[in-house]
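Got some structures for you, see below.
Two complexes, one shared chain (chain A), two partners (chain B, chain C).
Moving on, here comes the complex of A and B:
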């Protein structure tokens, strides 16, 4: 029950933060020197046309009225109309979000699946060759721009070896008739996997390296704790200590880092989508900035913040699930 | 990314210090000399320091070259001696025939061959799409990376220091308001916040740099605040208060200097992060505009010529990698030196 209460409290706490996010992006975008109407109509426009367009996008009203309207609409999942596409922003985002989510979820899955064992092995064999190699790999991993990893992967696997596609992304749930090179559901999955592999590695390497580093240091800390030494003194085998006593406790900081890594992962996704020409949220925000399509920039910024906040709440809840002290403390 | 460890301040909503109290007192007792000696004993940290030093010298020389010699060239002062823009760089790093007119474009690195011809020592790393020497442009890119990375971090550091110190020292509603604001800024993913900033103010390296700086303020503010809250209770602050020292002087003379060690570690790591972010912005076309050479912008151009000259895409990334690794190695070494728990 306390876990449920705790989760509820975290969700409620997120509301003012999200309100603040809308306020900040709204202020930023409205501080912009360029007026979207002028951009649409070009230099020295017809005054009547300016007025009609301003009325269409509600730009003729004072700022606080527009902000209130934007908030009210946002609650009803209306983020205004895109100037460039002349379509609701929500529709554009709904089209683009699945690609970005697929990319991020797969890269985190890859990162966690590789980083956790790597970190544990590295801590277990501290200062042995395996540990040194892991540390070097993770240091290089956190220091490499994800988009460059993407470029090098394309050079290697698409151009030199010609085994994996470099651009676009096929969604695994796409209909076979829309996918070239696939005639069955299984074929679509195969094609989708092949397309996803390089972007996933490109984005996942950074997360993998960051999680490996924290997993290693966390395991080292736990392995030197008194209760582990006591277990050793009792003659418990290293294997059992690692599996039963140390591992679970060492995961707490790792969970926190996974949540916080979301912010770099979202930034990485923007760049990875550009490198692999994936039509996701990242490319949407980048192209909308170039076109000064401000409703879309605001909408995508908000959705990215929402993804991050939801991710952090989920990691906080799983933290409380593993460590009940967090939610017990909440009841007092 | 590069700031993994220091990000662990918040565990499940609770504040957990990366640096515990014992470290603070040890650091205060032995001071900076001890710290620097520790860093020198650590070969990785020292290697990082050397790379940073070399890159800084390169950045300084190229800045002088680009600014001073461009200025001189305007007035034809040294034109008769053959002194022009890039003269320093050419005489130090390049053969005099670095940019001969009419050379074929996109030459490969020395010892390799592609459709444009054979790589020669005149262009050790090959040429770009306009026949410009890649090595020379990489050297010039160092200037942007170091300068912009350090300046962006400085903006975040100073902003975070002011907000964090005020927030932590006064507490109460000031603290509440400032920290909620920091939390809100923190909720927008870093690159997305910088992109929104650029969307509002326009695409230029100045706004990109300020954007990265502003976006990193919450991180510094939270770190400094947590230090200040613990330093505030120390006896010497109480003594200063009793002696009638003004709040501003207590913050500047006592609170900030005594909270600075972990902040320095964070700042070193943040320079690496800023370099990657700014390279990414230039890659997207929102940072450095051509023809000014920068690593991110070179990578962006190289994408169009990956078949003709694949090496073009490799070099700028390697430069970013080496520089950022250096900042991370130095920052990690600094942290280890400041944190005696790990020195066993």
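Moving on, here comes the complex of A and C:
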């Protein structure tokens, strides 16, 4: 029960954060030199045309009025129209978001699924060969940029070996008729997996390495805690100590790191999408910034902030789920 | 007299650190008889905690038991001998790890650590942890173990035990947690409980309550205890026999009354002078002079000679063993060459200047933590 209340409170607390994000992006975009109308109309535009266009996109109104309007519309899920695409921003985001979410979720899943066992084993076999190998691999992992990994993977598996596609993503839930090379649902899954593998590895390696390192050090720390020594003194087997008495506690710092990794992952997604030519949110935001497509930049930033906030709330809730001190402290 | 429950013989534990070998425990011997509460007392860093953790082979790396023999109920918990190559190895008489874990740890010997705040796992309920250890060490079903856990919580004076079973450790105060840990130890019905400074982290009133509780429960359950402390007040209150440790060695060994009223070792005397005693009014307390040297590089001769008020030249060369100094009238041993039992040149040897520098207050209650 207390966990539910805690979660509710975290969600409510997120609202001002999102509001802040909107305010800051809005100010920044409008403070930047140049405006989209000038770009659209070329170097020496007709004054009347400028006025019409400005009126069309509401750029002629004072800043605070525009901000208020934007907020009111945002609450109704209306992010305005893209100047470049001449389509609602929400439509554009709806097209792009699934690719990015798929990429991020899969790379986090890959990272957690490999890093947690690796870290635990590494801690258990401290200073043995397994530990050394894991430590070297994770050190290399955290110090290699994701786009470089992506390029190497493409070179190796697509260009040299030709076994995996180097561009684009295919949604696993797409209809077979829309997917080249697949005629059944299973076939779609296969094609989707093949497309996903390289981008996932390239984005996930950094996360994996970072989580492995923290998992290892956190396990090591917990393993020398008094309650672990006590369990050992009461005849609990090393296996049970590792799986029950130490594991749960050791995940607390790991969860914190996963939450923090979300920011790097968003940045990494932009690069990965560029390298693998994935039409996701990352590429959308980059191209919209260079086109000064204000509404799209605002919209995508907001959605990224939303993704981040949701991620942080999820980490907070898992933290509270593991550590009763957090959720119970909330009651007092 | 029947064989003692626990017999520790010439135990040596060393820590192999980067700075060199630390002889944390350097050949100590003591025993514990059934129903007895035996104290192990000394300043922080004397090696008390290491000594008791060796009993269940819980010494952690880089520490290693490099010598000695520990026998419990006729079983060899550890026997380490030095081979021809100079390496120490366990003899075949030593019971294997798995058996030690299954038959001895928790079941026969339980332990209570110093810091109740750190000894319970923060992410599991208090009752759950208690139940787990009971289940493991008494072959009870989950339900019976649960019942037993609640009963034990009641037994150690936790109010509304059944309701508090599902609480987490952070919802208990330090004193209450230490009660839980005592309940944990007793619930497994061991023959021996090792209490490693269990009241040091608590404040004085709570400490007094816990000591009363232990006194009462010990009588009822007839459990033997090894009680590690640096506090002579605690020793006076609960111990039957006492071992005084200094720098990895036992320097005096006596029944509690003899230790207090017929002190034979200058270090014990100094310890007693440094704490208030209810039976004596003194003008002022006398802290022991100087700081205990590092165990990595102990002084030659008697290890206490750098601080001993009675030290003489001869003390710099002879390291006395702990031997009978009262002609067998009582069981009273001390390691100090001023006694006749040691045939040395102490009598004719000139006194040493000692104890320059600031005083070092050994202990009142609390304050010190790490050992």
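As a working rule, the second predicted complex is superposed on the first by the 332 of 332 C-alpha atoms of A that agree within 3 Å, B and C clash if a C-alpha of one lies under 4 Å from a C-alpha of the other, contacts with A are read in each partner's own complex, and residues count from 1 in each chain.
Everything below uses one rule, namely that a residue touches a chain if its C-beta (ideal position, glycine included) is under 8 Å from a C-beta of that chain, and two chains touch if they have at least 3 such contacts.
Not measured: the values here are computed from a predicted model.
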Assess the superposed three-chain arrangement around chain A: do chain B and chain C clash, or do they fit? fit
Touching partner for A:248 - first (chain B), second (chain C), both, neither: second
Could you figure out whether chain B or chain C reaches more residues of chain A? B
Answer with first, second, both or neither: which of chain B and chain C does A:323 touch in the superposed model? both
Mind working out whether A:279 is in touch with chain B, chain C, both or neither, as first, second, both or neither? neither
With the two structures laid over each other on chain A, which partner does A:235 touch: chain B (first), chain C (second), both, or neither? second
Using the superposition on chain A described above, determine whether A:95 touches chain B (first), chain C (second), both, or neither. neither
Just chain B (first), just chain C (second), both, or neither: which does A:227 touch? second
Contacts of A:266 with chain B and chain C, given as first, second, both or neither: first
Shortest CA-CA distance between chain B and chain C [superposed frame, angstrom]: 8
Overlap of chain C and chain B interfaces on chain A (superposed complexes): 323
Residue ranges of chain A in contact with chain C within the complex: 224-227, 229-237, 245, 248-249, 322-325, 328
Chain A contact footprint on chain C (complex, rising order): 56, 58, 60, 101-102, 104-107, 110-111, 113, 115, 118-124, 132-133, 136-137, 168, 170-171, 181, 184, 188
In the complex formed with chain A, which residues of chain B make contact? 1-2, 4-5, 7-8, 10-14, 180-181, 183-185, 187-193, 195-203, 272, 276-277, 279-280, 283-286, 299, 302-303, 306-307, 310, 313-314, 316-317, 320-321, 324-325, 327-329, 332
Of all residues in chain A, which touch chain B in the complex? 10, 16-18, 20-21, 23-25, 28-29, 31-34, 139-140, 142-145, 147-148, 151-152, 154-155, 159-160, 206, 210, 213-214, 217, 252-253, 256-257, 260-264, 266-267, 270-271, 274-275, 285-286, 288-290, 292, 294, 297, 300-301, 304-305, 308-309, 316, 319-320, 323, 326
